[in-house]
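The same chain A turns up in both complexes below, where it pairs with chain B and then with chain C.
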Partner chain A sequence: MKRRLVWFVMVVILLSLVFVGQNAAVAQEPKYGGVLRWRAVNDPPKLDPAMATDTSSSRNVYLMFDMLVDNDPDGKSIVPRLAESWEASPDGKTWTFHLRKGVKFHKESLGKPTENGGREVTAHDWKYSFERLVKVNSPRAYFIDMVKGYQDFVDGKADEWVGIKVVDDYTLQFELDYPFSPFLSVLAYNSFVVVPKEDAEKWGKEFNFHPVGTGAFILERWDHDQRLVYRKNPDYWKKDEAGRQLPYLDGIEIVIIPDNTIAYEEFKKGNIDVLPAPPDEYYEEIKAQYSHLLQERPELGTYYYGFNNSKPPFKDNLKLRQAFNYAVDREAINELVIHGRYYPAKGILPPGIPGYNPNLRGYEYNPEKAKQLLAEAGFPDGITVDLNVNNDPRHTLISEAIQAQLKNLGININIKVLDWGVHLDLCERGETQMFRMGWVADYADPDNFLYVLLHSENHGSKGNYSFYSNPKVDEMLAAARVETDWDKRMKLYQEAEQMIVDDAPWLFLFHYTTSLLAQDWLKNMHLPAFGDYTTPLEVVWIEK
Partner chain B sequence: MAKKSRSSGLWYEAWLRFKRNKLALLGLFMAASVILIAIFASLIAPYDPVEQLIWTEGREVRLAPPSVKHWMGTDIYGRDILSRIIFGARISLQIGIFATIVSLLIGVPLGAIAGYMGGWVDDLISWLINVVFAFPFLLFVLAVIAVFQSPSLRVVYIAIGLVNWVGIARVVRAQFISLRDREFVEAAKALGLPRGKIIFKHILPNALAPVIVQATLGMGSIIMTEAGLAFLGFGAQPPTPSWGLMISEGQKYLSMGKWWWAIFPGLAIMYTVLAFNFLGDGLRDALDVRLKR
Partner chain C sequence: MFSYIVRKMLYAVPVIWGVVTIVFILMTIVPGDPARLMMGQRGDPETLARIRADLGLDLPIHKQYTRFLKDLVKGDLGVSYRNNEKVVDALMTRFGATLKLAFWAMVLAALLGILAGVVSAVKQYSIFDYSAMFIAISGISAPVFWVGLLLLLIFAYTLHLVPGVGYVPGDWRYFILPVITLGVRPAALIARLTRSCMLEVLTQDYIRTARSKGLRERIVIMRHALKNALIPVVTIIGTQVAELLSGAVLTETIFAWPGVGRLAVEALIARDFPMIRGTVIFMAVIFLVANLIVDISYGFIDPRIRYD
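== the complex of A and B ==
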């Protein structure tokens, strides 16, 4: 009896080894064909990359357009896209990009031939595309306002953007007013793509509804509030490692389903291939039943409660601010209230951003210490503070938990739930005591967090809503902006972040995660740190 | 013959009519029960309505279904839903009563002046009433709350009152128009009484019955409005145990099968609104003499 069992186990192990081996062999070989259906919550507000600033627009822009450079999936470095290589001058003020040859614009769009006729992209197109950002008032053009001649071109004093030079057909050069180290990361933003002049000029503002780019997919149909249908670009420039033409898929459908319950049911039925950001209310069920389909990782974003450092009671009261930080049990809130969908934060920079410091000294949950600090801060009998929160179920959920935890120490929190517009306005004007805020990276560089959110130059609407200022920190952040040595820069940022965390201008809370559910017949699908909406689809294939 | 003179009094007759109306009595009973629960909330409720038990008792009390310990289950923080519903009665009634008072304070004088004076004063006030009427109710309330930039219960009942007065003003105005030319008013005028005294001392008491009906019926809709505002996030602020807020927090968990968080407060709203509607209908039937004749 025992012997037979042993035999049986051995056979099973052998068989499974054979099958695993086969599977691995099959998985190597990509398959062509098929359409991938991706769920969207709403109609994309903008398809013109110059205007796209939200994630639902970006999802579509990434399918149709290409930037010079790209973020690698882990957000740790910048990789080539339409530029094959680049170099910066020793003073950090001149950047030269060597363009990929043989990249072609879409030959057709929405079922009709395009004006450009599918011609090759040259450096002239890049110059045109960057100048177009200013001409059409792109809300993100200011990201590169350090490129020489920006202001003159904006003011109409110059008829070209002199800092952008076409050296030859395949060489593009930027001249900056001052060395700006995050420049390369900024160029990976979805507005800095190449568009064909012929089509952009023909359509003008209507280019938004007739987008033409160089990307892996071509827009075929846009049924507003229902779906966007893309089909593959047969002339796409990119090949896989084995030299096979990309993309593998015949097309993409962005299916618009506003309701979470319906979207989830459709996914379960297999009518949807990808469900980005699966809803909270199903998260526990998903973890239990579909964990093999779930991809999840830290996103480049931070969730915090800012203290108003320019007004009492938090102004000049370090111990009070620290007391709050010791009083909150981030792990328990994350686990019990928001289904473990965030990561507890020690500081400002999220994991995945260059310069992230895993050894940062933060604040652990320590109610005793909090109580002691509260007394030392001058509030032995407790204190009452207003907390402004914008109206969103998840935010109020978290705020109520924090309210209850602080209450144990005698801290009374008055929660004020406000409309986003009112909330932002009050934060910008500094008319708060304490407020909820979040920040997601525009570009993968610590500058985008530390400089924007905590440099004293940016008080108010520019991003420093907590009105924090520390001359030493200011100095370091400014120095890091122009430092061209990568390691030195990162060191500066890490030191600055530690200094800020010690000053406790915020109640540090969480880092976001990004997640998606993908059917098991989708292969080679990898969720990037930048968020579900940036997932590259040209390398995905369907194995049914 | 004191007894006989009492039996012929308007209010006594109304009570006799009211008593015969079963639905009205039911309404009275239901409304009284809500009021009693609100008054004695702290004695009845088994738990502190804002105490979050998960931090001390852990996962078992998180979204726990109805049980012997928690008759209506618990929410995600381990707060006892029954206790929150009991205390929620206070919030609903408080809003209902204070918003009604604000409506009366605005609606009664404006309606009275419009109805008594007539002419351009009536035109002006009627125009104002029509303007407020023409506006979507909830939108107007939301706009008023937005002006205050700081939601709280007080802001909510002021906002509702500022919009809700028009119904009362209309009723009062109509009463005054029909009463202003009666003999007793003529007599008061002939005696040379000041206008204010005629309006408030002589006509108003005679116009009171429909105002009471209107105000009672209004309670139901005010409680609904408060729940709607809280649901949208612009009413009572957390952790206040407002029924609308509870539905708003709990509705996402309905689809997860955790129905108790949203369903029980929904039933509580239904019960209370029905109570005041039955009561108001009964009062109207009882007080509207013309209808019964």
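== the complex of A and C ==
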């Protein structure tokens, strides 16, 4: 009897396991159909990838276009997209890409047949697309100005960009003037996509309103300031691991809702499926009630206050700059002002980016030391400094908190809240004493932070708004750009970062996070480190 | 009448020229380079120079100005720096939404406002009068964004009586809350003005005469009193219509309504000069046309007014 009971229990357990397993399998089985509604704050200014520089445009570009390569979701490596494989020459100056076969351009756009007729993409299309960037004055073409012949092509001295070669229909080659190690990462930027010549030439500047790519979704309708409607591309090249055709969704709607309160209410009502960057004012409520729908992770970005290192009082006054760094309690501001949505920063590189150094020697909160350094810097009775901040509630709140903390040490901060255009203008011209700025990676490489923001070649509009200059750092950053040995490169960056942090050209503050609220019926939705706007939607399905 | 309209329209030309010139000068003074904003947070100076040349921003100011005026005479308001959209097209697509919103808001405001004003005047110092005027003062004082949010929170997100935000042409449910939000303030203004004008008119001798002739009170109020009290009310309606048509920014923002107001604000943020100039000219024309219609309507309300 006992034996029979044991058998019975075992059979029950086995059956239960099979049943549960089947259920799990069913739960994992993707479902086709449905339309995902994604909230946007405003109408995207640019759907032409050559001209897209803002996140709202990029959200749309990622739906319709494909780059040669892509970032993995963690931003730690480069993965294939329309290039199946690639290799670099030993000197790092020649990059050869082997293209995926059978990739087709959109057959339709905005409900009408496209000029290309849905033909296959070849290396000639890639060459055309890169050359087009220069022809249409893309603000991002200069990202690859190291490709041989760039300047001649820009200046009209050459008919073609000689450094980009079509080896055969499925092989594309780039020849560089000098080895540029982040080259692969740069190619993952969303301007470096393939477009069909027939459609791009037909529409010219109007291509912005008639975008045609190879991506998972095709633009069906654009009601300005209301919504962008996409439907699935039935000829999309990508399949899931089981060989099923992607995308699963029938379509995407980018719904434009400018007001945060309303967008949040619309999400709660189920009228929208995804609310990227949930508003601060509802963050506590979201954490309490909707934490199961909240996705949040560190973003490849940094938030800082730059000192103007080319003008008094910060010029040639290391102790003053260090005093500011010791005087701010980043943890407290993060917790009390922005609900812990950032990470206190010790330096420049954000967690998650290659070369990030968790052991970086930064500045802890130490008001006594700050006071001492302030006196040694020549300001024993305190100092008054103007701080320029661009107009945003979060920036204003943080600046007020820092103002209050610094006041305890006799540092008076005059906060000037400015419109973004004015703010940027003043920063670039060096007409500030101290300014708020942030930086989110264009490409996942330390070069994009350290070289762009702190090399003396980039003073002003090219990114170094603090006008910081250290010849030794310049030398190391330049060397790292051409170093082909990965470990040596990372070492150079880490050493350079430590030198910069010791020089304190900024008040190092925070690293960003990225977040979104996604309804629980959305499956397989994963927030990447590059930000909510890069979330791949071709692999998402709706389970209702 | 015809010559009056033509004369008025000719007067409008220097007004519009003045408006566009002032806007043009302001845009050149204000810091912030549109080409720079197009590049995002960083950009190399060489590309920036090419974009500026492409937009014509490298030309001397007087050349930019004359080029702009020449295009304007041809009816060409230019192309948006921000997204290459033709300014005229952008205005036309957004104006439809704004027009519908403004029209229904004004219909609501005029009906409610005049009705409440007349009844308040006729039943002066009654409960209705006090209540109506209290609501009117609240309507004038309450900020539009607050009214809009409150209505949405109550009727859309708590009671679920109407759908949320959005612009769905043909679906009247989406019009209810924005129309009420936008109509509240003009309704309150019209109610207060109608009441005070009616009170003034009701004490006039000809009203007493009308009553003494034995006319019914309804006839006295509607035909004799209201018609004469309407002139200042019509003026207010005209200016309110012009204001609403030139873009109800807050209402459009709250209700995600794709109107002219939002277009103007986004153009300002992006330093989209052609779009800013286009929206300003558009607004100036709206105001001039609205004023002209108000002027003409005086003649119908009060036959003593002539257009010599």
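The rule is short, and it goes like this: the second predicted complex is superposed on the first by the 520 of 544 C-alpha atoms of A that agree within 3 Å, B and C clash if a C-alpha of one lies under 4 Å from a C-alpha of the other, contacts with A are read in each partner's own complex, and residues count from 1 in each chain.
The rule we apply is simple: a contact is a pair of C-beta atoms (placed from the backbone, for glycine too) under 8 Å apart; a residue touches a chain by one contact, two chains touch by 3 or more.
Since this is a predicted model, take the numbers as computed values, not measurements.
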| item | value |
| --- | --- |
| Combined model on chain A where chain B meets chain C, clash or fit | fit |
| Partner chain(s) touched by A:Val422 [first = chain B, second = chain C, both, neither] | both |
| Larger contact residue set on chain A - chain B or chain C | C |
| Touching partner for A:Thr261 - first (chain B), second (chain C), both, neither | both |
| Touching partner for A:Asn524 - first (chain B), second (chain C), both, neither | neither |
| Chain B versus chain C as contact partner of A:Thr94, first or second or both or neither | neither |
| Touching partner for A:Gly463 - first (chain B), second (chain C), both, neither | second |
| Which of chain B and chain C A:Ser399 touches, first, second, both or neither | first |
| After fitting on chain A: smallest Cα gap, chain B-chain C, Å | 7 |
| Chain C-contacting residues of chain A that also contact chain B | 261, 419, 422, 426 |
| Chain A partner contacts - residues on chain B that touch it in the complex | 50-52, 54-55, 59, 62, 76-77, 146, 149-151, 232-234, 237-239, 248-249, 252-253, 255-256 |
| Residues of chain C defined as touching chain A within the complex | 30-34, 36-48, 50-51, 54, 79, 82-85, 90, 93-94, 149, 152-153, 156-157, 160, 163-167, 253-256, 258-259, 262-263, 266, 269-271 |
| List of chain A residues in touch with chain B within their complex | 261, 279-282, 284-285, 329, 332, 336-337, 391, 393, 396-397, 399-401, 403-405, 414-419, 422, 426 |
| Residue ranges of chain A touching chain C (in the complex, touch as defined) | 42-46, 51, 53-54, 137-139, 141-142, 145, 154, 205-206, 208-209, 223-226, 255-259, 261-262, 265-266, 268-269, 271, 419-422, 424-426, 428, 439, 452, 458, 460-463 |
